[in-house]
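Heads up, the next two complexes both have chain A, just with different partners, chain B and then chain C.
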Partner chain A sequence: MRLVPCPTCGPREAGEFVCFGEPRPRPDGTRPLAEAIYARDNLKGPVAELWWHRAGCRRWLTLRRNSATNAFVE
Partner chain B sequence: MGDYSFFGLLRHAFAGHAEWPRAWRDPPLKPHYDVVVVGAGGHGLAAAYYLAARHGIRNVLVLDKGWIGGGNTGRNTVTIRANYLREPSIRFHAEGLRMWRELSGALGFNVMFSERGQLDLIQTWAKLRDVKRRRSTMALAGVPFDILTPAQARARVPILAPEGPTRLPILAATWHPTAGVARHDAVAWGYARAADALGVDIVQNCEVRAIRRAGGRVTGVETARGFVAAGKVGLAVSAHAGVLAASADLRLPIETVPLQAFVSEPLKPMLSCIVNCPGQVYLSQTDKGELAIGGGSDPVPSYVQRGDFATIERVVTALLEIFPVLARVRLLRQWTGAIDLCHDTSPILSKTPVEGLYLDVGWGSGGFKAIPAGGAAFARLIANDAPDDAILPFALSRFESGRPLYETAGASNRD
Partner chain C sequence: MSGYRLKPVEPDARVTVRFDGRDFEARRGESLAATLLAAGETTVARSFKYHRPRGIVAHGAHEPNALVQTKDGMALATQLDAREGLDARAVNCWPGPRFDLAGVLDRFGALLPAGFPYKTFMGPGGRAWPFFERVIRALAGLGTLPTQTRPLRIEKRHAHCELLIVGAGEAGRAAAAQARRPGLRTILADDGACPDFGHVTSLGHTTVLARHEGGLFLALERAPHPGLDARLWKIRAGAAVLATGAVERPLVFAGNDRPGVMLLSAILAYARRDFVAAGRRVLIACNNDEGYDGALALAEAGVGIVGIVDMRLGAGGPARARLERSGVPIHEGMAIGAARGVPVAGARLVRLDGTDATRDVACDAIAMAGGHTPLVHLHSHAGGPLAYAGDAAAFLPAGAHEGAWSAGAANGRGLAAAADGARAARLALGGPAEPEIPLSPAGGLLARWESPPAPGADKAFVDFGSDVTAADIRLAAREGYDGVELLKRYTATGMALDQGRTSNMNALDVLARARGLSPDRAGTTTFRPPFLPVPFAAFADPGGPLWKPSRVTPLTAWHETRGAKMYESGANWRRPGYYPRAGETLDAACARECAAVREAAGIYDSSPLGKFEVAGPDAGAFLDFVYATRLSDLKPGRGRYALQLHEDGRLFDDGIVFRLAPERFFVTTTTGNADACLQRFSYCRQVLRPDLRVVVASVTEQWADLVLCGPRARDVLAAAAIDPPRDLPFMGIAGIELAGRPALVARAGFTGEMSFEMFVPASSAPAIWDRLLSAGAAFGIAPVGSEANHVLRIEKGFISVGHEGDGIAGPDDLGLGFAVHADKPDFVGRAALMRDRADPAPRPQLVGLLARDPAFVLPEGAAVLRADAAVGRGFVTASCASGALGRSLALALIEDGRALIGRDVAVAIDGGIAGAHVVRPAFYDPQGARQRG
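Showing the complex of A and B:
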């Protein structure tokens, strides 16, 4: 079982969450449109990701995780 | 190169198998190569082989940070098929099926291709309408593809759940007779051996850390053993495409996610074809009798080659719904590969904005079948420095020109 550290609910089972991955800000003209829409950093190592605690507090969270180890970092 | 013909085997048998030569060399790095291919999975090795065999480019290096076929090529569930959604994909994989038939002979190495057919279960009306349309596209590409009644499906696969009240009854099935399976390691080894025999250098345990450029052109690669100069560089690194592309200031529409596979204990022969329950679970029976089972990808992106337990539960639930007879069968092994899932679930076989840098990545959950056709196409692309019609739809620029090639036929979660 994988635990996700929710700031309001504490560590909860991953199935309660939806991971939306790398945040993709609205295209703002600083990058070519196709890149802003489709491209990813897809970093190997520390990443900041968007999560939704669907079956808990229902908050949107930005969580830090290491994509090379799966460990969450505070 | 040892000769694996019947007489070759016989000769070595009489010599007590003491005289087999290495299947490929372990050469030192040369300072310069015409082409450096990064990644010794099926795609990288096949590309190197076809560069040497079809284009006469033999000063070629294939580098891998691990061992030959140790990436997804050695972790996959070996389904080979052409029943895709879009016409360019179907045509590409139809050519692949033709190559698979000849592959053992061409490489002088038995890749154990077994053309046993694939049965897809159709459990919703929307899906039935979709496969009727798909049958026509398949016919245009000359690939046999039929729609079966539930009774015909059960005749082919007697262990399917019997008719009865169920949440998703089997409404129909599709039959793709030219689909098949092959032995994953043998494909990597066969290409490695054949490429090596033509003079290609294969160097394992040597990571590429960065791509070097000068004036918008590739000059070589920085490796764990120092700089290697190269006229052209091809990336066939699957999960790590983004990491290496970043060293050339490229961002790709690719996300790295875990995909798992499972193997049951060996059973008596009970399944003569591949069975796929789209988006949920698929399986085939290996020559050893084990059921090789796959499903959708894990929900959280990661480079870790370790799967989520919830996915196992989801795949096994779907499996038992269509094969209740397997309820007491034990799973022996489970493993995970990190796949390179492209935004539209089609691969990227393409030139890049960096001159002399080429991509053969983004194969996600479906690139094993594409090793012969993909490797040959990648070799053509590198040799000609230009894409041909067959791979033009897979260009990286499709995202800029508004022509993403959305596929729905993969095993990944986005079905």
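Showing the complex of A and C:
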């Protein structure tokens, strides 16, 4: 299982986390509602993702991951 | 009958093993393969597809042929240790490997080309495959599943280390010698025996199966101690040295699969390690200098050599002169055109210069030396890139990958293994950069493995395990299956026991030549874990209460000792379903418990309910944001039924939110969603609304929840000397002292009766539960389980998120619009809810159903049909037999259901249609007078 770099707890197994994926801006009327709720950019390359360290510090983290290599990046 | 022992078995090491019903003398601990070789049992197996007789080719884990059956399952003869009582049989043959009736298939090889099942049985209109598949599988199957087998005992163990060294050969041992540093944890694992270095943890008889991202390795240790069959290690390593070695590459010539044709390295290993000679007259075929070095080593061990067939001219190094002096014939510029005899009795040699001169040599074993294929599997498993090294004619790791450094033969540096292993360890431990050690391919390697194919000659195999010939590869390439991945799937090359370790490179070579490509352009297939077959038991859930622990309430033990039928409910909780009396059925117990609640009093352990404290100056604003219901105007001491929506406007969860103090709320959620609510609350607090000053704490386990309900509930409380405020209103909450500790009492419940929920500290719960039961005995109190609760809530038309909240229904659909305060400027799901409200499209709506036959309980999940056609327009969400109403009841979500109230619908049931009448979803006390009291 891969290790997730938690800034509070250090590297921990991914099973301790919930990967929430791309940040989801709330529907604010600037985009069609369905797109705002369901659409994801799903970009290749470095992406920012939300992780919840459920079985650790319970912090919501924004981590950057290269979706092409699956490696966390600074 | 060619093999023999170079040294007799010592009397104290002598054991008897059985193979195919015959006894053989063995040296304890040697492999069954060594025993069979020593006994001259050259033919030990039949091949997968053609049923050709096969012998042992390799040693250790890379054997492609010699799969045998034991009572515990199948194993390689090269990996079964000889011990008294070992009993193995050959597979895929009848009556035996030396004479197999199905061997006739070999004569019809021309009818079984690559992809023959597709071509023969699956063509346009072909319907024959299902029939022939059975016949073919019966003929081609390998072995049988043991019918009576003891469960394997395999434990799992986790380990952490700074350095993992895989392989205790020269490179691995040199790496281990570098790992001397105080506090450095090093693990050294090897397939076979593993030397003890003192400063490292040595895992012998341990195969590292897989390397995953993040430095996670899986390894299987065989028989760590008597009573344990294996141990699966999960090793998290900071860095690793992969010294996994290489496997010798066979040569491709007609009849290269005949029993007695082996890898030179295997013949050497059996001679040196087991003192077993594969034959008295060994012919060595090579394309590099190792043929000569190996011949000297074999001669030294006492094995007779009848000649060396070298594809090259004038090569052989210093060893050649010594061999020539001792009279060993060297056939240079030649290759084996065909092997003859079963077991092998000789070879016809052909010239490679195009002339058709041939030479016949008699022999009783043939050794193939085609260079080495580095075992780069672990490097590749986690995505390490490979590069083709032309000098070594092999794919090699393209540098270190994620802290894993390949070394020694696995890195193409077999002749400088110790230096390469030491270097890899220093680098893996963070040492300064060092120059690379030069590649050391087999001396003078000529990149040619296949002898010239001759028309009418016997088959020349590239994959023994899958029975794939060089001709099959060429045919596949002609037919367009000319990429490595396609080729693999079309011909099954590389898919057999050894996963292509002996075959992939030769298959690629034949393919590349057929396409006129260089081997690096042809590419290689992907290596995937595990490296070796692993018993399922190694990965399986070992079972037992510790594997997936259930959550227990403070009263679970009480329920169990009272004979309650316990259910696994949401979120792993074990809770009582019902409390049967002696001889009582589920239905009878459930009806009795329901009657107690409706007529006297019931008590329910609702402790698994999700509970949260939300506190802070902005707690009200926070809840207004998280819930669709307005909660900021709630008065202290009061509660309100509240809904959470998904951002898409559909129902997520419901529960009662109480305000304990101006800045302190007590929030209840459903049991099943308690964990999801924790995630959502913290997401809203940390990500969406970090501006709000609020804290959220889960207190589900801290507070037990005892629900007392029924018309005599007040009497029971009085008898138990529990005194909530006399004027506590419906949906009110008050703090009281219970058994000397603080508790909360709320007038809320899920049954529609006068109801008191007592939130008490978990450790106080058993005493208070007992107190209520003894006090209630005079009033006919009964403990009630979730079955009765289900009936009681259906009677009331209360929704259960797990049943009616199907992810599609919104609050309005469920008749819960009263709990939505859309005038709030913002809350999660508001935008989508407003869009739903503006959309005239029909929606599923919650209604009640009364089956035409009042004794018939509609099945939950049954489709509700339109009267005019067999088209589903909804489904039954919950259904029960109601004692209070004396008939069956159901709730259903039906498209535009409210418009159907007063009309009939059809419900699809097993074997037909049941009529039902649509009514408002409130059957019992619809005005709610009883619960308000």
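Following the convention adopted for this analysis, the second predicted complex is superposed on the first by the 74 of 74 C-alpha atoms of A that agree within 3 Å, B and C clash if a C-alpha of one lies under 4 Å from a C-alpha of the other, contacts with A are read in each partner's own complex, and residues count from 1 in each chain.
The criterion applied here is as follows: contacts are C-beta pairs under 8 Å (C-beta built on N, C-alpha and C of every residue); 3 or more make two chains touch, one makes a residue touch a chain.
The structure displayed is predicted, hence computed values, not measured ones.
Engineer: Looking at A:A68 after the superposition, I want to know if it touches chain B, chain C, both of them or none. Which is it: first, second, both, neither?
Structural biologist: The first partner, chain B, only.
Engineer: Which partner chains sit in contact with A:E35 here, chain B, chain C, both or neither? Use first/second/both/neither.
Structural biologist: So A:E35 only meets chain B here.
Engineer: Examine A:P46 and indicate which partner it touches, taking first as chain B and second as chain C; both and neither are also allowed.
Structural biologist: Once the two structures are laid over each other on A, A:P46 reaches no partner at all.
Engineer: Please indicate which partner A:G10 is in contact with in the superposed arrangement: first for chain B, second for chain C, both, or neither.
Structural biologist: Neither partner.
Engineer: Applying the touch criterion given at the start, work out whether A:R2 contacts chain B, chain C, both or neither, answering first, second, both or neither.
Structural biologist: A:R2 contacts both chain B and chain C.
Engineer: After superposition on the shared chain, which partner residues are touched by A:C19: those of chain B (first), chain C (second), both, or neither?
Structural biologist: first
Engineer: Hey, what residues of chain A end up touching chain B and chain C alike?
Structural biologist: Common to the two interfaces on chain A: residues 1-2, 18, 37-38, 70.
Engineer: Once bound in the complex, which stretches of chain C touch chain A?
Structural biologist: 212-216, 647-648, 679, 682-683, 686-688, 831-832, 835
Engineer: So in the complex, which bits of chain A are touching chain B?
Structural biologist: Interface residues on chain A, with respect to chain B: 1-2, 14-15, 18-19, 21-22, 32, 34-35, 37-44, 49, 67-70.
Engineer: Going by the contact rule at the top, pick out the chain A residues touching chain C in the complex.
Structural biologist: Residue list for chain A touching chain C: 1-3, 11, 18, 20, 23-24, 26-27, 29, 33, 36-38, 50, 52, 54, 58-60, 70.
Engineer: Under the definition above, what is the set of chain B residues touching chain A in their complex?
Structural biologist: Residue positions touching the partner: 240, 242-243, 246, 251-256, 299-304, 306, 308-310, 343, 399-400, 404.
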